[in-house]
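By letter and in written order, the chains are A, B and C; residue numbering begins at 1 in each of them.
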Amino acid sequence: MTKEELKDSFTQIFPAVTFDESGEFLTAIIPSEELLPVMNVLRTKPELYFDYLFCETCVDWKDHLMMVYFLNSRTYNHTLVVKAKITDTINPQIESVFHIWPTAELNEDEIFDLFGVKFLNHPNLRRLFLEEDWVGFPLRKNYVDEHMIEL
Amino acid sequence: MILGEEDYITEEGEFVVNMGPQHPSTHGVLRLKVWLDGETIKKVEPHLGYIHRSIEKMSESLSYRQYGYLTSRMDYLSAHINNLACALVVEKALQVEVPARAQAIRIIIGELTRIGSHLLWFASAGLDLGGVTPFFYAFREREAINSIMDENCGARLTQNFMVPGGIVYDVRPDFQSRVKEVLKQFKDNFHEYNEILTGNVIFQNRLKDVGILTKEDAIAFGCTGPTARASGLSCDIRKMYPYDGYEKLQFDEVISTGCDSWARYEVRMAEMLQSVRIIEQLIDNIPEGDIVAKTKNVIKLPKGEFYQRVETARGELGVYIVSDGGASPYRCKYRSPNFANLSAIPHIARGYKIGDLIAIMATIDLIIPDIDR
Amino acid sequence: MNILLSYSFSSLAAYFHNWLQSIIGNGILLTITELVIVGVVLLVFLILLAFFLGYMERKVAAFMEIRLGPNRVGPKGTLQIVADTVKLLFKEGFTPDAADKFLFNLAPGIIITTALLAVAPIAFARGFQIWDINIGVLYISSISSMAVIGILMAGWSSSNKYSLIGAMRCGAQIVSYELSIGLSLVSIVVLTGSLSLNDIVESQANGWWIFKGHIPVMIAFVVFVIASTAEINRAPFDLVEADQELTGGFNTEYAGMKFAMFLMAEYINLFVVSAVAATIFLGGWMPFHIGGLTGFNHVMDYIPSSVWFFGKTLFIIFIIMQFRWTFPRLRIDQLLNLEWKYLLPISMVNVLLVTLMAIMGWHL
């Protein structure tokens, strides 16, 4: 599917989407609350069939957090980036996509560990890299490490 | 008898064993918590972070010339290919044309890295399954490859050879003859690998029908590289999204539909020969010319997001850079192949024996620093 | 000349016996003195043997792995193993806090004792035997199966999960392979009609059993070598230790001299099974004779009987070492399958064949 066709199909699923075409891939930005139903359709709809989540990450834009999902269809080989905007930076939370793409389990553990995004309905949400009692989330822009020495 | 941990036997009568972080077959500091019923594995849970260095966070305060150097410490066996990914994403953002000489040398060095990495995998796979001798056979050739790296790139393991725009130094005058020498040695000795391991009945029985990873599972868990290709999934980035001149080369993507550990073994063995084929096409035709394209002293990427993927020895490495127009990345994410491949282990190891878990880990070939980053 | 050819160590032993008798006199003291002398001689011999086998294993491994092996300490690296022993001697004999201390310290003793006991009935040369017991074969197979108690003890008392898994594997493994060993030994006992190792060697004066007994005895020999490799837990059957799976298995927690005892027991066991295989199937100290060729046989007689015995034993040890450095390890279920589905049925049928052969007198 070309970018235009993808755009059309996506608008049918979720009309209130905004697109960003500046990058290499077509990027669709949706609010975080709508993530799970949209993703479910993207995964199951036969002509889209995004069965491969090849990268999942988060970006801290200070006033909001942006979840980034890189989706690819192994059948049609088209790629789509879905971004979910989380406006609540104090207590960010979003639905887990583990039940759609099992690879998300560890990725979401990592994002929880480093960004503090809580994933609802995640089977085993834990701090993946850091200790259980680590204070703060290192990849957030407002993270201050008291042990860090300025050179 | 006290066994250290209080919950060593669960209510269902399962025996909980920690494999790692110090364990001979986890090749580093991976810790797998394993629930056992006798010898049978009921559940596996990976615990990570023993070698987490926060490379992504550090990259946010480094310039675009510096940040790639950290990636040699991720998957240290394909340091060159990791560096290449970092260089490529900057080149893509700045739309820099890389000189043909640099491209050819990059591919040769990258494929040598791949052979070296697969050789180390072969060595450790044999060792994990109890055969010590293959280790020395494979290291004989790996040593020769490392010497080439040493002579031309200045380091044996964590090389930093690829820079945005090309390569950092030109290769030595004897580069071509040395590479040909090593390739000849490798091809002459390759039959010994087959004699000591591939043809061994015990070895085959240890791997066949062990750790079945179906094609659907491979996609669902995001597996890439030889691990996924052994499940019949065509996922070679060099073929699907050719980069850096791979589109001009003749080579086959090795795919097996065996789905088991044996298929993963066969795919890697065949891939080494394909890499030899790639190098042979280039080694006599390295063009003359510049080795690095001109870039500004302080590289600033335009505002936006850039994603570049390359095929490392273990699968798809993605570099995702979010730039705010400054001299260092606003956010830098590495989509590491081992991280995704690891997530498949708990699923495919269930129901097998302890010895099979070792075989599965050996054939999936995890590099722990790449998982933790 | 004839004295040299048929020289028997029994005359030397008798000479010593008479000499001691003249000093100490007859009685319990004499017996104890002789036992102590034999014990000391045996221990020194076995320690030297373990050193030699350790060195040999390193060299065999090195040559299989295209490297040189030990070559720094002493001439050609021969003293390397001495240096290692000294290192082990000075290491702390660590006992984990949570271990069952009594059993933990007892286990190496039991393992090495069983290994030493099994040496007793082996005939090293003509007339050179510590204990000519009339049930030698039975004695050896029963003593060597006792090693499992020591390993279970070590694995259980270490309070380590890996050790425990290793010990459990050991139980399954040794108990299974004991059967095949027993059956392959029985096939020769059937042919000889005696359980005494001395009788078995004497019965091979006109040819070794592996040649006289046709194919069934060859099968028994192969089964014996495979099963005894498993019995002494060497690769490819070293699931009990399995470094890459169980980080060392039953001896994970052992260090220093206690660990050295395990190592030594391993080498003594290796020697014992090879010596038994050499004695039972390859004629022990009996020279290589071909019926009818008197001249050839006469030449063979010039080679001392101890050289024959050690030559054959080292040959089998070399084969077992080659196994270790060539093959990967089996999995536990494959290991048990090999025994119960292949080796045991084969040896059972084989014993029947051998018995038929013995009754009909088909062997040479």
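FYI, a contact is a pair of C-beta atoms (placed from the backbone, for glycine too) under 8 Å apart; a residue touches a chain by one contact, two chains touch by 3 or more.
Worth saying up front: this structure is predicted, and the values here are computed from it rather than measured.
A.B. asks: With chain centres defined as mean CA positions, report which chain is farthest from chain C.
C.D. replies: A
A.B. asks: Using only alpha carbons, which chain's centroid is the nearest to the whole structure's centroid?
C.D. replies: Minimum centroid-to-centroid distance belongs to B.
A.B. asks: What is the distance in Å between the mean C-alpha positions of chain A and chain B?
C.D. replies: That pair's centroid distance is 25 Å.
A.B. asks: As a quick test, compute the distance in whole Å between the mean CA positions of chain A and chain C.
C.D. replies: Taking the mean C-alpha position of each chain, the two centres sit 64 Å apart.
A.B. asks: Per the centroid of Cα atoms for each chain, what is the distance between chain B and chain C, given in Å?
C.D. replies: Roughly 45 Å, centre to centre.
A.B. asks: Which residues belonging to chain C are in contact with no fewer than two other chains?
C.D. replies: There are none in chain C.
A.B. asks: With touch defined as at the start, can you tell me which chain B residues reach chain C in the complex?
C.D. replies: My answer: residues 1-4, 8, 15, 17, 23-25, 36, 39, 126-133, 135-137, 140, 196-197, 200, 202-203, 205-206, 353-356, 358.
A.B. asks: Please give the residue numbers of chain A that touch chain B in the complex, ascending.
C.D. replies: Residue positions touching the partner: 22-25, 27, 51-55, 57, 59-60, 68, 70, 74, 77, 101-103, 105-107, 110, 114, 124, 127-131, 138-139.
A.B. asks: Spell out the residues on chain B that touch chain A in their complex, using ranges where they run on.
C.D. replies: That would be residues 45-46, 48-49, 52, 54, 56-57, 92, 219-222, 224, 233, 235, 240, 304-307, 316, 318, 320, 322, 330-331, 333, 335, 339-340, 342-343, 347, 372 of chain B.
A.B. asks: Spell out the part of chain C that touches chain B in their complex, as residue ranges.
C.D. replies: Per the stated touch rule, the residues are 61, 64-67, 98, 100, 156-157, 159-162, 164-165, 169, 235-236, 238-239, 242-247, 325-334.
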